[in-house]
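Let me give you the structure first, and then I'll get to my questions.
Labels for the chains are A, B, C and D, by order of writing; each one numbers its residues from 1.
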Amino acid sequence: MNILTAKNVTKRFGGLVAVSGLNIDLAQGSIVSIIGPNGAGKTTFFNCVTGFYKVDEGEIIFDGNLLNHKSTDLITRMGISRTYQNIRLFANMTAIENILVGEHPHLKTFWAEAIFRTPRFLKEEKDAEAEARRLLRYVGLAGLGDSLARNLPYGAQRRLEIARALASRPKLLLLDEPTAGMNPNESAEMMRFIKNLRDDLGITILLIEHDMRVVMGISEHIHVLDFGQKIAEGTPKEIQRNPRVIEAYLGRGAASGLEAEGVSATV
Amino acid sequence: MKKMLFILSVLVVASMVLAACGPAGPAECTDELGCAVYGPEDPIRIASALVITGPDAQLGLDSQHGVEIAIAMRGNVAGHSVELQAEDDGCNAEGGQAAGQKIVSDPSIVAVVGTSCSGAGVPMSKVISEAGYVMVSPSNTAPSLTDPAQAWNPGYLRTAHNDKVQGAAMAKFAYEVLGLKTAAAIHDGDPYTEGLANAFRESFESLGGKVVAFTAVSKGDTDMKPVLTAVAASEGGAPEFLFFPVFTAECAFLAKQTKEVTGLENTVTAAADGCFSAAAAEAIGEAGNGMYFSGPDLSFSGDTYTTFKEQYNTLFGSDPISVFHAHAFDATNMIFDCIEKVGVTSDDGSLSVGRAALRSCLYATSGYQGITGTLTCNEYGDCADPKISVSILENGEYKRIWP
Amino acid sequence: MNPEKKFTLRDAVNQGLIAGLITSLISMVGMVELFSKRQLIANLMTTAQVFILLAPALLSYQSARKSAKNNALASGAVTGFFASIPIIVLVLLASAFDLRQFLVNVSPNLISTLTFGQGPVVGSLILVAINTLIGLLAAILHQLDEKIRNPILTGLLWTLLVGMFSEILQERLRAFFGISFTNLIIRSKALQPTVAVILLVGITAIAYFWGQRGASFSERIANQSATQRRNMIIAQRVAFFVLLLAMPLLLGTYLSEVVNNVGIYVLMGLGLNIVVGFAGLLDLGYVAFFAIGAYVMAILTSEGFLGVAQTSFWVALPVSVITAVAAGIFLGTPVLRMRGDYLAIVTLGFGEIIRIMANSDLLKPFIGGAQGVLQIPKPSFFGTSLIQPGQLYYVVLGGVLLAWFVSTRLSNSRLGRQWMAMREDEDVAEAMGINLVNTKLLAFAIGAGFSGLSGAIYASKLTSIFPHSFNLLISINVLSLIIVGGMGSLPGVVIGSLILVGLPELLREFAEFRLWMYGALLIVMMLAKPEGFWPSAITKRELHAHDESIPIEEPAAAD
Amino acid sequence: MQRRLQNINYLDLVLWLIRVSIIVIVVWGSIATLSDNPYSGRNWIDFIVFGIAQGSMYALIAIGYTLVYGVLFMINFAHGEFFMSGVMTATVFVAGPLSASGYLDRQPVISLLLILAVSMLTSVGVAVLTERIAYRPLRKAPRLVPLITAIGASFFLQYTFRGLYGSEVKPFPQVEALSGKIPFLGTELLESQLVVIIATVIMLVGLYLFVMRTKTGKAIRAVAEDKDVAALMGIDVDRTISITFALGAAMAGAAGVLYALVFRQVHFFMGFLPGLKAFTAAVLGGIGSIPGAAIGGLFLGIFESVGPPLFLDGLNVPAYHQLKDVIAFTMLVLILIFRPQGIIGERLAEKKA
């Protein structure tokens, strides 16, 4: 069964077509990668899925629900959660506080209960904190709960961001370049970690990645984007042999440096 | 920070402990509101609560000088010297209330001269009256202050004229002296100017004239031409007389721009005492030629005023800078007269002034000869001799022409 | 401080000239002259002299701090010396020409204050001598050991403070100890010289011994058992509350009035703190809700012709608050999608619109227009009308405690974290499932509620309200006090209100320069101490983001 | 989930309600006024002319906001004070003495140029100092911080100049050569107003060409686009920002003199309200765009002058001119809510959103 179906998704910025007629199906419990050169529309697609951008054409269906006109917070509540290419933690909050914010969709007490410290509120806060500490341990940051997010080392920040995304108990996790800036050892570690996420928690994972070793190592299925269009899809093996992919990559140089989508999104 | 707090609390606690050994109570007093009691050597203490800081400071300082001269010229009151506690009313409600609270927390103060601004007078009148004190304002003009249905309180009197008087005087001048039948009035949303403009409108209409436009600008406006154009185009035709009792800045804009608006070239313009000062005349410049200004009659005469002016010059190095010094002088002297009337001097030379007695004495003032005229207080504390004069501005000089 | 940058003689000269220019500026705007009448120590020192010497002293201290140890004293003296140059230029210019026709405050009186009444030539020499001396003293002070320096600074500060507030102190001392005792200490609003010396020495000594003993004291506290510590905290709290409750008795009528005014602003500050400090939404039209609370209270309770219901204070109070909350939601809704500075400007516009409407002839039949609403009764409590400031104090205190309580509880809850997250990064907060609409509206609504409560108490305390009391400056004032105290910090709100509202109330001269000082304070605080005097933990973190180093050690890998 | 959906609807509902009610008031008011028609055609032309003259000044001040916003993304709240400081200083030190000595009437052109120069130089000096002391150290701070500093700078400057020159209204001398009236479209135009309009057009065009054509202008645009890249290209960012402030302040200084020519008095508080209005104008036209500031200024000026009689007279609002600022602020709010990119702005606004 498909957990996410994108049908003919198109997103334009002025004259620029960032994503054009994209079709992507995601099977429940799979690990799927989106790859492509800079400016191919990968992050834009993530932003469309999470409701940060409104889709111009086509539809995105998650778990049987149409996402097109839903707001970002609602989509998160439905079970999609993400990380960012350039880590976007709440830098001045502690690690625990970051995760607690992530748990937000599952906290049920009414805000006024906080004023009176109702037993329900106290219990919920206690449970939330315990859950946050558990997640912190799970991503291997035990004992760092009270340090500020921005004071954490780079790799720890990446993992904290994933912990924060996990806190909302997603069914689908979108990871935007989870191994960017990591050395081969760290990347390998992250790959194992991502696999465990799926195997232990059953979360479907969609990732954007440039590191081909990571992509080929963990993906069960790969979509290749270029100029906002899908040029290929298939298993890692198929993709490696696909001439269009090779041309897209080798013909125009390897992918490195800043991704242009982020820029086009803000200009 | 914590250390500061600690030391502070040590000081506070120390003063608490020491407070236990306070002084003895006051002398005997039969007045229902209590008495102000002074030892044989103590000075009588009165307070002033005038606006002595901020943009309106000139107004208040001028009045305060009036009080100080009254004290200096009087010398001793009932055998005691007089000490002035000068407070600031800030020209706003909070300032008036705070000054009032400060005054009533001092039992040695017997009476107050103040406030300058009506807005400060409203809450202060309440504070002063509730505490059993009495105040005489030299420059509050708002009608509400002596209206028992509004803000009047039993401890409040004033020697300044009620706005109703000034508005009526201007209306009378325009209708009867100048013989103009249509008029317009513009205020700027200040309670003072709005009250004056309204009083003018009522009087002018009751005299039989027609107010073709009654409108307002905002403080800080500079471009008055749209509003003036609208006035010129009012249904009853362009007014023959335009009254804008606003303060200097807006007054000068209105005066200058009236001349530039088609349809108002021949309209007679007039303002009130908010724009009646040397600085205002300078700000208006040539555009003010032939413009009328109403204000309290400043043609004070008599020996007292001559002495007063000399004193003012020696003490403060200038001629009076505003219009209410004389009212303050009279207010202070009214208070002194009543202290002498109701104060009880005991054998050892100490003086006790009953507060209720002082109040009723002040309210009973009748035919008092002050430098602002003959003052008689009505039952709600309006004591001013309602003499309003109208002056014309010619080449930067004010010339009194009416009455 | 900056070892990589050498502090040269030239820098010391520059510091001196800057100090001199600052002093000249405060002289030219009239602050020195205004304070020349307020004596600090009888016949010896006026507040004006403190202002003249403050900038040279501070910058000389700064020079000494920055320069190498062996020439610190010289730097201080040089800075002090050069600080007098711009002042002397001003003095000479003013003696040669009549500057007064251009610069209204350069009066003979000012020049005489600047030259200690000795004429331009002798006076200038004295000025040079004194400034150099002050510079040297400041440098010496810096060279002293911290254990001695801090007590001296504490002593100086407190003596100056007592001197400044001697007028108020005089009144209190009279009330407690009688006139004759008071006259020993303070006469004609100034501290007696001997008393000043005793104070200085005494406080310095106390501070010194406190500093000496402090270490062992805190050690003893650290050694206490948990229950002992808890008992102590409880005891402290009880003592604090008793002190709060006993305040009016200690303060007397006038100071209670001042405290009430401060309290009104604390209440507003706590509200704005939620909006700006917690949620990060800069609201410059905050006065609108204050006005709405005040007007609702006024119209509902007034006994005058504008009153519609003549209800009691306690009935009108919740109505005022609810109206303000509704207004907060109503005005908050259209601006929800705006951020940062746009939001600030739009809310400023709202504030002005509300004020102009209240002042307009259009609404005059309903809310009195320029003439305001009069005859608002003071609150009564079981039949007693709370006329005295000392009684009203408890109403204000109740309001402040309520707002404080709600603020603390909310900031430590899920909602508090939502606000924090939203302040940090709105997009990510939304992606974490936070509904921005609700979260922002809650901040606006609760902030508006506190402000409305404050306005309602204000109206009833003042017994009359005028639209002019609700101008933009109130919003600026409240914003300033939050910033001075520390954004997001509750004790900061109190400190800020005491400094910005209480101080000008007590030192009326300051009233003239209130806004000037607010302006200067806002700039200086943002440059030097953006976290405020009593910072909240989170703001401190945020503003010193670039100062801290990141721990290098990475912890154990995933388990 | 149902509740969430309602919330979104609630937001749109409120926005729609605002839109509809404003349109109803405006349309109804206009129809009522026009059917009643208390004003002649000439009156309407007068209103528009007054509006254009006032709007020109808004436009000149708005330039400063737009330039600084374009470069720093910061609302320079103190900009109105730059406007005030220049003309106050020029009035006190130059215009007053020149007028007293009679030189002003003998040599009006030289005198005016002198006044203009002093005003512009003072404004520029104040602006550069303010930028150096209060803004530059905060360039990396969170975004609210410089805004708060700017508010502080605004009040500090206002009350410094009040302390220096006093709180009274200072008269600016009437220039005889500019006090006549010129017939225009069936009404009369004041010469001073004509000077304002012409001077504004000249300065705006000059500034536009400067920013578009010169090297410094290109540097400004590069810094506005991306500070880091500009720095890499060898542009001195700090200096460019200073120049931007100076340019804006020079325009404000000139606007101050024009203001004084028309209204003939100056005051320490005179910068505050025009500053706010000019900001409104800048937003109206699309902040960051120079032609936008010009169009926004004119639009706001005309709106303020024509709006109250057109919308409110017919509704029988008493003393409707009091509500002029309500109209201006309402417009600001509406623009920011419904069209934050302004009338012609596009690029910068989206960058900001």
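Observations on the model:
Rule of thumb we're sticking to: a residue touches a chain if its C-beta (ideal position, glycine included) is under 8 Å from a C-beta of that chain, and two chains touch if they have at least 3 such contacts.
Keep in mind the model is a prediction, meaning the values are calculated, not measured.
Overall, the chain located most centrally, as judged by its C-alpha mean against the mean of all protein C-alpha atoms, is C. A comparison of the C-D and B-C interfaces places the larger number of contacting C-beta pairs at C-D. Taking each chain's centre as the average of its CA atoms, chain B and chain C sit 33 Å apart. Between the Cα centres of chain A and chain C there is a gap of 46 Å.
Centroids built from CA atoms put chain B at 72 Å from chain A. In chain A, the positions touching at least two other chains are 71, 73, 77.
Shared interface positions of chain C, defined as residues touching 2 or more other chains, are 356, 359-361, 435, 542. Among the residues of chain B, those in touch with two or more other chains are 187, 189, 216, 218. Here chain D touches chain C in the complex through residues 4, 7-8, 10-11, 14-15, 18, 74-75, 92-93, 133-134, 137-138, 140-149, 151-160, 162-166, 276, 279, 283, 317-320, 322-323, 325-326, 329-330, 332-333, 336-337, 340, 352, going by the rule given at the top. By the touch criterion given at the top, residues 38-40, 42-43, 46-47, 50-51, 53-54, 167-171, 173-174, 181, 187-188, 190, 259, 263-265, 267, 269-270, 272-274, 304-306, 308-309, 313, 318-322, 324-325 of chain D touch chain B in their complex. Residue ranges of chain C in contact with chain A, taken from their complex: 405-406, 409-410, 412-418, 420-421, 424-425, 427-436, 442, 538, 541-542, 545, 548, 550-559. Interface residues of chain A facing chain C in the complex, by the touch rule stated above, are 50, 52, 71-73, 76-77, 81-82, 84, 88, 90-93, 97, 100-102, 104-105, 107, 109, 111, 114-117, 121, 125, 128, 137-144, 147-148, 150-153, 155-156, 159, 164, 168, 189, 193. Every residue of chain C that touches chain B in the complex is listed here, in rising order: 154, 158, 171-172, 175-178, 203, 206-207, 210, 243, 246, 250, 252-254, 256-258, 261, 304-305, 356, 359-361, 369-372, 374-375, 387, 389, 461-469, 495, 505, 508-509, 511-512, 533-534.
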